[in-house]
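Common to both upcoming complexes is chain A, partnered first by chain B, then by chain C.
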Partner chain A sequence: MIGEIAHFLSLSASALLCMVLIFNLFFAFAEEHANQLILSLKLFNQACWLIFISFGMYVYLAIIDDFSIAYIANHSNSQLPIFYKVTSIWSAHEGSMFLWIVFLTLWSIFFINFLKKDHPLKKLTLLILSLIILGFLLFLLLTSNPFERILPFGALEGADINPVLQDPALAIHPPMLYLGYVGFVVAFSFITAFLLHGNFQLQWEQDIRKWSFVAWIFLTVGITLGSWWAYYELGWGGYWFWDPVENVALMPWLAATAFMHSLFASSKSNILKTWTMFLGILIFALSLFGAFIVRSGIIDSVHSFANDPERGLYLLSFSGLITLLALGIFAYRLPQLNSSKLVVTGSKESFLSMNNILMMTAIFSIFLGVTYPLIIESMSGEKVSIGPPYYNTIFSPLILITSFFIMISVEALWQRSLPIRAVAYSVLPTIFFASISVYIIWIYTQIFSMLAYVGIFSGLLIFYSYFFRTINNFFKKRYINKGSAIAHMGLGLLFFSVSMNSILSYEKNINLFSGQSERINESIQEFMFKDIKVYPASNHEVISAEVFILQDQKKIFLNPQKRQYMTRGQITSETAIHATPLKDTYLTIGDQLENGSWTFSLKINYFVKWIWLSSALMVLGISIAMFKKKLT
Partner chain B sequence: MNQILRLSLILLPVMIIVFFGKVLLFDGEKQASNFDAKSFPVFQLNDLNGNLVQADALKGIKLLNVWASWCITCLVEHPFLTNLSENDIDIIGLNYKNKDTKAIAWLKKHGNPYELSIYDPRGDLAFELGVTGAPESFLIIDNQVVAHIQGELNQLKWDSIFLPIINAEKQRQ
Partner chain C sequence: MLQVRRNRLWKFLTILILSAGGISLILFALNSKLDLFYTPSEMLEAEIQPGYRIKLGGMVKIGSIEKQGTAVNFLVTDFKKEVPVTFDGITPDLFKEDSGVVMLGYFLDGIFQAEEIFAKHDENYMPPELSLEESSE
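Take a look at the complex of A and B:
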């Protein structure tokens, strides 16, 4: 019964949203009336509340184990702790789409109600938001109904959540990511409303700035958590795989990053204003593209949900419709927006334009990497795969160019050409120190890899230029843009640690009988496989190995495990990790060979912690920038 | 220049949408209809009663249904399978990752539509077949796997996927 009520509330919400749209279309050509907006807003708010209540009831159904609901029966189990009963809602397509819509609604209701009462763009924004929410709500209810019952009689027990998803990270990784993705609906709808409205004297940047920053923070945290989860919990042995779904998350992130930079200068230059609007539309379009790729089953990936062409078609046509609407209006208004005033070479605006161009290049490269295999397969039937080598070769020159521009731009000024002397003062020492550091690393490691050194050099260029500037400004008691400095140093650190990780990390496959030991290399003097045990646990069987490692004169005990889950028969690997600030000793247990010996995979991963640190620095930097009152 | 830019802002997304639409609409079908017949994997397993399954068990037109007592959807499709077996369709069960006592109890409780059920507690044969979970159904003609569906088998899927092949096969004979 509760299920039906929740279902009915969602249906009513879509009916209310329909009313908002029809009502406003009906009066579109009539004279403007103050009550029109008030009524629309009321209907909209009520629709949003109905969606929240409906989702709340759905959470309740999951907690009380209502296995007559097909989705809950297929993804939950009465034995699960309540925490996982709730998180199981977003462990597959229908429920996670529901959550996606709830977040969409959440952003929309907050934004529209925080907007000034008489803001000229309020009505149009409201209409666009209603259209978007309605479209996705109908998608949910028509093609992937989470309320569907198992008839005539329900299941007695649930099929259980996928064991790799029984992890606290599942509770936060998808919600964070979704909050980030859909958060850009604010920028998207507001910019589209601005373009539709046609009064270009209006200032819109301030109204969406904070919202976009918060969305960016969620997106960054979501992506980082996914990477962290893959590394620590799923035992994939790495943090980034250029998986198609990781790529479709990275594209909106890059667009959003460019957007935020552009937003700073948007009110100062018309050319950048155009860029900002385009990027604002692009971020949400790319988020929708991401949803389409994951939910249409068009690409095989660890992240993709079950294949259903009907869903794919709906998503494609609806996402396509809103994107084309926004881009169409943008293209229509473009001549009115462009001004003949050129950007001064060497000014801050010119560097921001350059930044936009580089980001767009990166986005296009990733887009090509994601779609190229599909294009080839569709045309010739051949299967090709595009992996890390493609991305590494494309990105390393891009990163180098970017870092050069960042380095020069540090001293740039608004609307004025860059003073050559200032550049020389900051650029020369930066290049000098970065080169010295790279040389030291090379002497110390004795490993040469062109791509990696390009990354290290670029990372250090960015890091040093902001570092020196901050110190210099501190002593001269000049203004320091803390947020920007921290975020950029984080970026530099990210390039640096990713590249260092790629040259220093190594992997060893070890094959031993229990009781045997082996010398691996100078750092790992002894690897001893002490014992292996097999024992049953609550809902799985455990194979647990005890390993002793003598590494750099320190004794380490590790105990990697393998688990076989009874209900699904799935095998998961529990990695044992010994982490120090500089490197992680990462051990997974493999298979037993026919002669009775066991295989182990030992990975020594360098600078992994630093990668999370750099991401945290970027988030911190943006958080600081967000609370600044004025645009600088 | 500006005109080209404006035009490409619209045309580029349209091209992308048309391309993905084409992939969704047409490329998927190609895959489904090109399901290559492949021989049924060689296996040596007992049935639920403990007798070795004979090699001729999969001669003729057989429906192989992957099931388990822990599988809810299996219970959902159970009446439909019973209906099929009453209409002279030979159904072979593949009892997947299940305890034999539980499986037998399940059959006793709900009825047994299967001619016999191959007992595959570790999922070895299921792995060879490419089973991802229960239920799944395979249409097998003379030891050749000719069609495969995942999830619940119902009238709709039966009529659209399995029945045409069975009718064609019967006509050929």
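Take a look at the complex of A and C:
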């Protein structure tokens, strides 16, 4: 019964949204009625609340194990802790789409009610938000109904959640990511409303700045959590695989980063305004593209949900429609928008726009990398895949040029040309860090890797530029933009630690009998396989190895495990990690051979902690920048 | 007027040439860095240069898995032809006989040297080509 009520509430919400749209479209171009906006807003808010209540009931259904609901029966289990019963809702397509819509609604209701009562763009924004929510709500109810019952009798027991997903990091990774993706609906709808409205004297940057920053933070945290989970759970020792689904998350992230930068220039000096608008539209369009790639199953990836052409077609048409409408209005208004001001060569804006272009190039390259296999397959029938080598080739020159512009822009001023001495100042550090990087590469690697070299050099250069500037300004008691400095230092650290990780890390496969030990290398004096134990746990059986490692004169005990889950029969490996600030000792257990010995995979991963740290620094920097009163 | 137009033309041409250059560089990178996907019979027919990185997909032949130390040897088949594969390391949890497998590596002296074996999250995974053939048979 509760299921039907929840279903009915969602349907009513879409009916209300329909009413908002019809009501306004019929009267929008007639004379303005005073109560029109108030009424639409009321209807909109009620629709939003219906969606929230409906989702709340759905969560309740998952908690009380209502296995007559097909989705819950397929993805949950009565043995699960309550936490995972709730998170099982977003472990597959229908439920996660529901969550996606709830977040979309959440951002919309907050934004529209925070906007000033008589803001001239309020009505148009409301309409665009209603249209978007309605479109996705109908998608959910028509093509992927989470409320579907198993008739006439429900299942007695649920089929269980995939064990690799029973993990706290992965439980909160999708919500964070979705909050980030859909958060850019604010910028999208407001910019589109501004373009539709046609009064270009209005200021729009301040109204969406904080919202976009918060969305960016969620997106960054979401991506980092996913990467962290992959690192310790999948047992491959990697944290980023250039998987299509990772790529479709990276594209809106890059666009959002470019957007935040040009938002500064746009509100400061009215230049780059059109460009900023374009980016604002692009971020949400890329988020929708991501949803299409993941949910249509068009690309084979570890993340993709079941292949369903009907869903793909709906998503593609609706996302395409929204994007084309927004871009169409943008193109139509473009001649009226051209600002008379030009970017001064050598000013902060000029470097900023250069980096914007580079980020666009990066987005375009990733986009091609994601879609190229599809294009090739549909044209020649050949199956190809694009892996890390492509992205490495593309990114090394981009990162190199970007870091130069970042370094120079630290000294540059808004709207004024750069003093020559600033360029002169940067010659020395450039030479210095170029030689240091050559030295590092020379010592630690046999084969010269362009990407690693570029990464180390750029990372050090960016970090140094901001660090030096901050210290310098602090002593001279000059203004420091703390947020920007911290975020950029985070970026420098990210380039540096990713590159160091790639050149220093190594792995070794080991085959030992229980009780046997082996010397691995200078640093790992002893690797001893002490014992293996098999014992049952709540819903799985555990094979646990006891390993003793003598590393750098320190004793380490590790317990890598294998788990066999009873309901699905699935086997998962649990990695044992011993972490120090500099390196992680990362051990997974393999199979038992016929002669009774066991195989292990030992990986020494350097600078992994630093990668998470750099992501945290970027989030911290943006948070500081967000709480500043005005754009500076 | 003429000067303005000429300037605009130059600007336009510069942007055009630069973006064309950029795009061709990206396409070049794409074409040189992509991994082609083969089934065992396709790979044997295609006469791939030794050491050239490809993706090979098929089924692990029943009873062919052999483990020696940390090395794993097995045969991968598409039910027409089979190719011996060698891999050093720990195979993914879902790697087992008579199930689908995709590997990245190169073909050398009649043996496919796998550098990576891909774990599929779905235990019933099969390379699309094979599942098509099986259902049509």
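Assume the second predicted complex is superposed on the first by the 605 of 632 C-alpha atoms of A that agree within 3 Å, B and C clash if a C-alpha of one lies under 4 Å from a C-alpha of the other, contacts with A are read in each partner's own complex, and residues count from 1 in each chain.
Rule of thumb we're sticking to: contacts are C-beta pairs under 8 Å (C-beta built on N, C-alpha and C of every residue); 3 or more make two chains touch, one makes a residue touch a chain.
Predicted model, so just to flag it, every value in this text is computed and none were measured.
Undergrad: Scan A:511 for contacts with chain B and chain C and give back first, second, both or neither.
TA: In the superposed model, A:511 contacts chain C only, not chain B.
Undergrad: Does chain B (first) or chain C (second) touch A:361, or do both, or does neither?
TA: A:361 contacts chain C only, not chain B.
Undergrad: Which of the two partners, first being chain B and second being chain C, lies in contact with A:461: first, second, both, or neither?
TA: In the superposition, A:461 touches no partner, neither chain B nor chain C.
Undergrad: Could you say whether A:384 touches chain B, chain C, both of them, or neither, answering first, second, both or neither?
TA: After superposing on A, A:384 lies in contact with chain C but is clear of chain B.
Undergrad: With both complexes superposed on chain A, which partner does A:489 reach: first (chain B), second (chain C), both or neither?
TA: In the superposition, A:489 contacts neither chain B nor chain C.
Undergrad: What is the contact status of A:150 with respect to chain B (first) and chain C (second): first, second, both, or neither?
TA: The answer is first: A:150 touches chain B but not chain C.
Undergrad: In the overlay, answer first, second, both or neither for which of chain B and chain C A:572 touches.
TA: In the superposition, A:572 contacts chain C only.
Undergrad: In their shared complex, at which residues does chain B touch chain A?
TA: Touch residues, chain B against chain A: 2, 5-7, 9-10, 13-14, 16-17, 19-25, 27-28, 70-73, 75-76, 97, 123, 133.
Undergrad: Which bits of chain A are touching chain C when the two form their complex?
TA: Per the touch definition, chain A meets chain C at residues 162, 164, 234, 300, 302, 361, 364-365, 368-369, 372-373, 376, 382-387, 389-390, 393-394, 507, 509-511, 562, 570-573, 588-591, 593-594, 599-601.
Undergrad: Can you tell me which positions in chain A touch chain B when the two form their complex?
TA: 67, 73-74, 150, 155-159, 285, 292, 296, 298, 307, 309, 312-313, 316-317, 320, 323-324, 327-328, 330-332, 334-335, 338, 371, 374-375, 377-378, 567-569
Undergrad: Could you pull out which chain C residues touch chain A in their complex?
TA: Where chain C meets chain A, its residues are 22, 26-27, 29-30, 33-37, 55, 67-70, 88-91, 93-94, 104, 119-121, 123, 128-129.
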